[in-house]
C-alpha cells in the first residue's frame, strides 16, 4: 500500500485524477449534510439567475446560478454527482461482473463455450452500441434501473474481450498448471488463481468504461432517453440546458465542466492504474 | 486460406443473424406503432385494423419466421411511416452516413496518428502533456456540446460555415470535425501506448544498433507494428460512426441513417429500424472483413496462419 | 502415512510406467469439417521410473520432453497410450478420481517467475495443497508450512510476502516447497534450473538431491543441460521429435552413446576448460535429414541400455 | 458583443475565402422554411402530420378549402360550399383546374380521392377523419356532394386538411415517392431527410405564388434551428423555447414571437383511480398550481392561462365567461385536508417525453408545487406511443397525466368528445356531459351549439374534470427578409409568407 | 605499440527507477586490442550487457543514465559523440548480435529488408547491390539456398537460422568490432555449438574483434582470448582465458567454476554452491560486491572497493579485484582438511 501511494505521488497526472475524483465522490456522499438547496424543487421567480460568484465566499443564494426552473445549479451538480456517478459505477460494475465472468469462463474452458461467447461478441460489435442503447431504453423505458442495464449491456463486451485474452494467457501460466497438479478444483483455480490475476486489467477497463458510460449517459439524455427526472444527472442537465446555451451559459457550462473533469480524472486514474500495474512500464525493478 | 475465408463468412453470417434477431425482438418490445401512425381521435377499431394491415397481429414467432424468410430475399418490408420498402428508405440515407463516417474516420485517423506519434516520441515532455490533454478532453467532451459550440462559433458568429444540412463540402466540415475529435482522441491514446510498447521491443534496439535513421526506424520498424492494433480499433470505430453518430447527425441536421433510425424508433417504424440496423451491421461486418485481410498485409505471421 | 522413504532397487515394481504414449496437437475437425494437420508432440514413448529414481529426459526444444512431463501428470490428456502410477492407469480419470494421485505426483516448473501466483502470498501458495487436500488446518497448517519453508532453506518469516519480493532462486525454493508439501513420491521437474542464475543453479540441484535422499522422491528431470543431468540422474532418456532415441544408465550415455543424435548432443556441451574446448569438434546431426524412423523400436543394446533402431 | 465583432473582423479574410463555397442563402424570390421533422411520405392520405408532411404537400396538391392564417376557412379548389341538410354538403369547384400533366381536377377527382381514403384496402392513415362520410356524388364536373351518416358540422374544416391526388396519374405512379403538382409549387429536388426544394408551378390555375423557390429544410434540433435562423440560412422556424424569443429579437436579422396554438395543456385526471374520484381533491389540485407563474416563468409570459376549459379562444364553442381557478396554495391545502384523502399515498403524474413544448419542465413544476403541499408525487416520463397505448387500450392512465389536446377542426365537438362517456379517451365518465355533447351534434344551429358547449365547459370546470393549465404557445422566429402571420395550428406554408419590402 | 581498438575508462551507468537508483555499472575500465576476442561473463544484473549497450547509446534514456567515464573507439570518445555520429558507427564500424533472435528481428519485415538496411545506410549501396551482398552474407553464415530464403520473414526460419541472420546483419558492413550479447543463450545446445563454430570460423577469416557477452563459462572457454568476469556492475577478474580458468583469483570466478559439474557422476558429492543471493543494486555498493557471499571475505572487503590489479606471477593481463589471496587461502583450507 505504501508503494501505491508513493507511486501515486510521483505521477502528477494520476494524483490530479485521484484528487478530482475524490472530491466528486466526497461531494456526492456528503450532499445531504452540506445544507444545499433542494436540487429538485425550484422557485419560478428565481429562474435563470446568473451565478453569484461572491456567493462562494459570502453566502449568496446561487453561487453557480439557477436553471430554467429556478433550481440551484450547485446543488444540482452535487446531487447530480450522486446520480451520475452511481449510475455510471453501477453500470460499469454490472457490466464488469458479467463481462469478467464470461471472459473467465470462455478463456478457461475454451472450445465451444469460447466460440459461443466470441460469436456473441461479434454480434454485439456489429450492433452499434448507441443504437442498441437507444433501442433498449426506448423499449424498456428510461428508468434509472433500465439506464444502468443498458449501459452495462454496452459495457460487458469490452471486459469480456480483454479478460478472455488475459485468461487465455494466464491459464497457460505455470502456477495454474501447478494448481491443477495439486488437484485444485475448477472453481478454486478460477477464483483463487485466475480471477486475482485478471482483476487489474478489469480495473483498467473499468475506469475507461466509467468515462465512456458517463459520456454515453449524456448522449442518451440528449436524445431524450437518459436518466429521468427529477433525479438530476449531469447528462440530463447538459441536455436540458442546451437550448439555453447562448442565453444562460451557466446552465450548461457547469454540468459540462463536471462531466469533462470527471471523465478526465477517471481517464487519468485509469492510465495511471495501467502504468502502475503493468510491470513493463515500471522501470527495471 | 479458402477455409479461413469460409469460416469468416460463416462467422459474419452468424453475427448478422444475431443482430437482426435482437433488433426484431427489441422492436417488438417497443410497443404498438398504431397510436403514432394514426391522427388523434382514432378509435381502437382503427388501430386494430392498422395493426392487422402491418401484420402485427400475428403470433410473434410467426412474425419472426416470415421476417427471417423475407430478409433472406433482401425484403425488409414496407416502412410504416414512409409507405415504401424500408430498405429503400435506409439506402437513401446511406450516402450521407458514409460520407460523414469516412470523412470523420480519415480526418480523425490522420489527426490521431500525428498526435499519438508526437506524444510517444516526446515522452515526458511538454508536447506529450499537451497532446494527451487534448486527447483526453476530446474523449471527455460530450459530442453534442462540442457540436453546438462549433455551430455557435463558426456558423452563427463567424458565418464561415453552414449550421447544418447536407450537400456541399462546406456542410461536411463541422460534423466531420466534431466526430473526428473523438476518433482522433481514441486513436492518439491507443497509438501512443502502442508506440511506447513497440519502442521497447528488441527489434527496435536491433534497428538502432544498425545505425538506421530515426525516421526509417519510426516508419518501418515501429510504425507498422504499432499500427496493427490501431487497425482493429478503426474497425470498431467505424461501426460506432455508422450507427452511433446519431447525436452529431441530429445537431448538424445531417440526414444520415442514425437519425433515420432514431426517428424510426420514435415512431416505431419497425421495418426501418430493422433495415437500418441490419444494413449497418452488414457494412460493419464487410469493413471488418476487409480489415482482417489488411491484417494479413501488415503482419506476415497472420497471413501464414490462414 | 506409510511410504517408501528411500530409493529401492529397480527390481521393485515401477512407480511410474509410461506405455506407448502419444500426444498430438491440432488435428481433430476444423470449423467446416476439414481435418487439420496434427503436430505429433509425443509419438509413442515408453519408460518406467522406479521409486526413488531420477530419470533424466533430455532433448532440444520442441522434442516433446516438457509435454511428456505434463502428460505423465495428466495435466494434458494423451492422444494415445497409457500412464500407470503404482500400476493404476491414470488416463481417462476424472479430476475427482485423479485427486488422490495428485497427492503423490507433483511438478516443479522451469520459470520460477511464472510458476508463482503473483497475487498470493508465498505462504498461502505453499499451503494450498494442504487446503485442497484438507490435510491440515489453522495453526497446524501454519506450522507445517513453516516447516516446509525451513526444509527448502527459506526463512519462515517470508511466508507473508508476495512473489515479487523474491529472487529467482528463492522463488524456485518456494515452488519446491509447494511440490513437497504433500510429501509426494514422484516429482516432474521441468527444466527447473534453466532460468536461474548460474551461481544459484547448484543450490537448487543440491536441494533436489537432499529432498530425494530424505523423502525418497522419484524425479522425472526434464532438461536440455546434459552436464547437470549427468550429475543428478540415475538414467537418461534422449528425446528427438517426440521419440525416445536412446535410454540408458547415465554413465552408459556419457561413455557409450550409441545414437548419433546423443553423440551430437554430448559433443555440443560447452565445457568450462579452454584446453578441452580448443581441440574439440562439434558433431552435427541433421534431424531433418535423419528423423527417427516411424517404424523403429527401442532395442536393448547393453545392460539396461536401449537404442531406437 | 465586442468580442464577437473583433473576432469577426479578425477572421474576415478567411471568411471571404470560405464564403464562396457556401450555398446561397435566402435571396429574392426564395424562402427557406425549417421543419422540425423530416417529410416521410408524399402521399397525403398516408399521413396526418400537419407540421411537416401536410404542410409541404399543401404546396403541391390542391385542397377543397384552406384554412387561412386567421384560422378561418378560405375557398381554394372549392369556390363555395353549403350544408344542404345536416348530413349533406355540396361543394362548387373552380373551373379549368388541372394538374401539371393536364389531368383535370374536377368533381370526379374529388370523389376518387374521398373514395380512396375510405377504401380499407388502401389503409389510409387519415381514414378516421372521414369515417362519417357515407357517400360522394358527382353532380356535375364542378359540383360534388358529400353525404354523411350522421351530422358532421366540422366536415369543411376537416377537408382543409385533405389534399387531392391526381387519379389517373396515381394509377401508374407511386404517390408515396412521386409527386405531380396540382398546386402552386412543384417538387424540384428532394434530398431525403435533409431538404425539399419546391419551384413555382408555371401552370398553376390559382394566383401566382410570391416566391419562385421554396426550400424546406429539416432541422430537428432546436438549438440548431435557432442557429440556422440567426445565421441567415432559413427564414422561418417554429418550436423554440419561449426564453429564446428575446435573444432572437435582439439579433439584427430576425425576430421571434409566440401565439396561442390550438393545443390546450391540461392535467388529465384518471377519475377511475383514487383519489382522483374526489371532487375536493381535484379542485385542490387546480388551486395548487400556479398557472400564471408557469406561463410567466417557463414561457416568459408567452402562454395564455386556460380559462378553466380545454378550449382556446380559437375554438368554436369557447366559453368566454369562465375564469381559471386562482393560484391559492392555502385554499388548496384546506381542500386537501377537507377531501379526507390520505396525502401520503404515492400519486403518479405521467408526461409523454419530448412531445409538448417544455412539457417535462412544466410537469416538474407541477409536481414540485403539489409536493410542497404535502403530496407524495412521482413523475413518470413515458414515451408517447406507450402513453397512448396505456391511455386507450390499457385504460390505465396514472392518476394524473400532463397532456396537450388539440382538434384539427378547431371545433368544440371533436375536442370535448374526448371527455364524453364511451369515448376511448374518456376517464371522467360524466353522463350529463355526454348528453350535452350529443345534443350539440344533433343541431347545426350555431347559437344553439354555442349555448350547449357553454354549459358543457362550465360543467367540466365546476367538476374540475381535469387540471386546466395553459394554451401551449406556438413559438416561431422569422428572418427580417420575410413576413409571416403566426398561427397556432402547425401549418407552415410559403404562400402565407411575403417578402418584406 | 598501437592504440587499443576500444578503451573503456571509469564507465558508470545508473537507472533511475521507482524503487530507487540502480547502480548497474560501476567504474568499469578495460581495453580491447584489434583482433582480440573478449569474453565477458556474468550473471543477470552484473552489468555485462548494460555497459556495452550504454556506451553505444542503446539503453533507454531515461531511465538509464551514464554517470561518468569515457569510451575511446578508434581514438574518439563514444560518450561525447552526438546521436547522429553514433548512428554512423553503429551497424557500420561496430556490429551487434543480440540474444533472442525471435524478438530481435522485426516480425513484419522480410529478412532481405532487414539485412540490406545497414548496407544501404552505411555502405551507400544501391538496393540491388545491397541485395546481392545480402545473399552473399546469408551464404557466408551458412543459410542454404540464401537467394530464395532472403525474401522470407523471420518466423519462417528456425531459431538457429534466425541467429545466423542476426550474425549476418551484425557482420554486414564488415565491422571493426562485433558485439554479441548472449547470442547463443536462447538456442539449443546443438545449435549453439554450430553457431559457435561459425563465429570461430568467421573470426579466423576476417580477424574481426569480438566482444562476446555470456553467462556461460563453457562458451567463453572455447571462444575467447581474454575473459572478463563481472559481478555487481564491476569487473571482478580479467585475463587470458587459460590463466583465468586454470587459476582463478577471484572467489566469484572460482565459485562459478566449482559449481559447474565437471563430469562427476551423481551421488559422489554435493555440488559446490555459492551461498546467498545476487546483490541488490539499488543500494550504492560499498566494498567488494561479492563479499557477502564470499566465504573468503576479509573485513576490508566489506568497507573498501578493491581495485583491479595485475596479479604477480600470473600471465600478463590477468588482473583481479580482491583484497584476499585466493590461491593461498585455498591451499590453506586444503591443508586443514587434510
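Think of it as A, B, C, D and E in the order they're written, each chain with its own count starting at 1.
By definition in this document, a residue touches a chain if its C-beta (ideal position, glycine included) is under 8 Å from a C-beta of that chain, and two chains touch if they have at least 3 such contacts.
Chains and their UniProt names: A, B = ABC transporter permease subunit; C, E = ATP-binding cassette domain-containing protein; D = ABC transporter substrate-binding protein.
Fair warning: this is a prediction, and the values are worked out from it, not measured in the lab.
Steps from chain B to chain D, minimised over paths through touching chains, total 1.
More inter-chain C-beta contacts link the pair A-B than the other of B-E and A-B.
Rounded to whole angstrom units, the spacing between the C-alpha centres of chain C and chain D is 85.
Centroids of chain A and chain C (each the mean of its C-alpha atoms) stand 48 Å apart.
Centroid to centroid, with C-alpha atoms defining each point, chain D and chain E lie 88 Å apart. For this pair, chain A with chain E, the centres built from the Cα atoms lie 51 Å apart.
In chain B, 30-31, 148, 152, 200, 250, 266 are the positions where the chain touches two or more neighbouring chains simultaneously. Touching two or more other chains at once are residues 223, 383, 386 of chain D.
Not a single residue position of chain C touches two or more of the other chains. Only residues 119-120, 122-123, 125-132, 134-136, 138-140, 211, 215, 218-219, 222-223, 235, 238-239, 242, 245-246, 252, 256, 259-264, 267-268, 280-281 of chain A touch chain B when the two sit together in their complex.
Against chain D, the residues of chain A that register as touching in their complex are 40-42, 44-45, 47-48, 68-70, 138, 141-142, 224-225, 228-230, 240, 242-248. Interface residues of chain B facing chain E in the complex, by the touch rule stated above, are 124, 200-203, 205-213, 216, 220-221, 224-225, 298-301, 304. Residues of chain C touching chain A in their complex: 70, 73, 75, 95, 98-99, 102-103, 105-107, 109-111, 114-120, 125, 128-129, 132-133, 175, 178, 181-182.
Against chain C, in their complex, chain A makes its touches with residues 173-175, 177-186, 188, 192-193, 196-197, 199.
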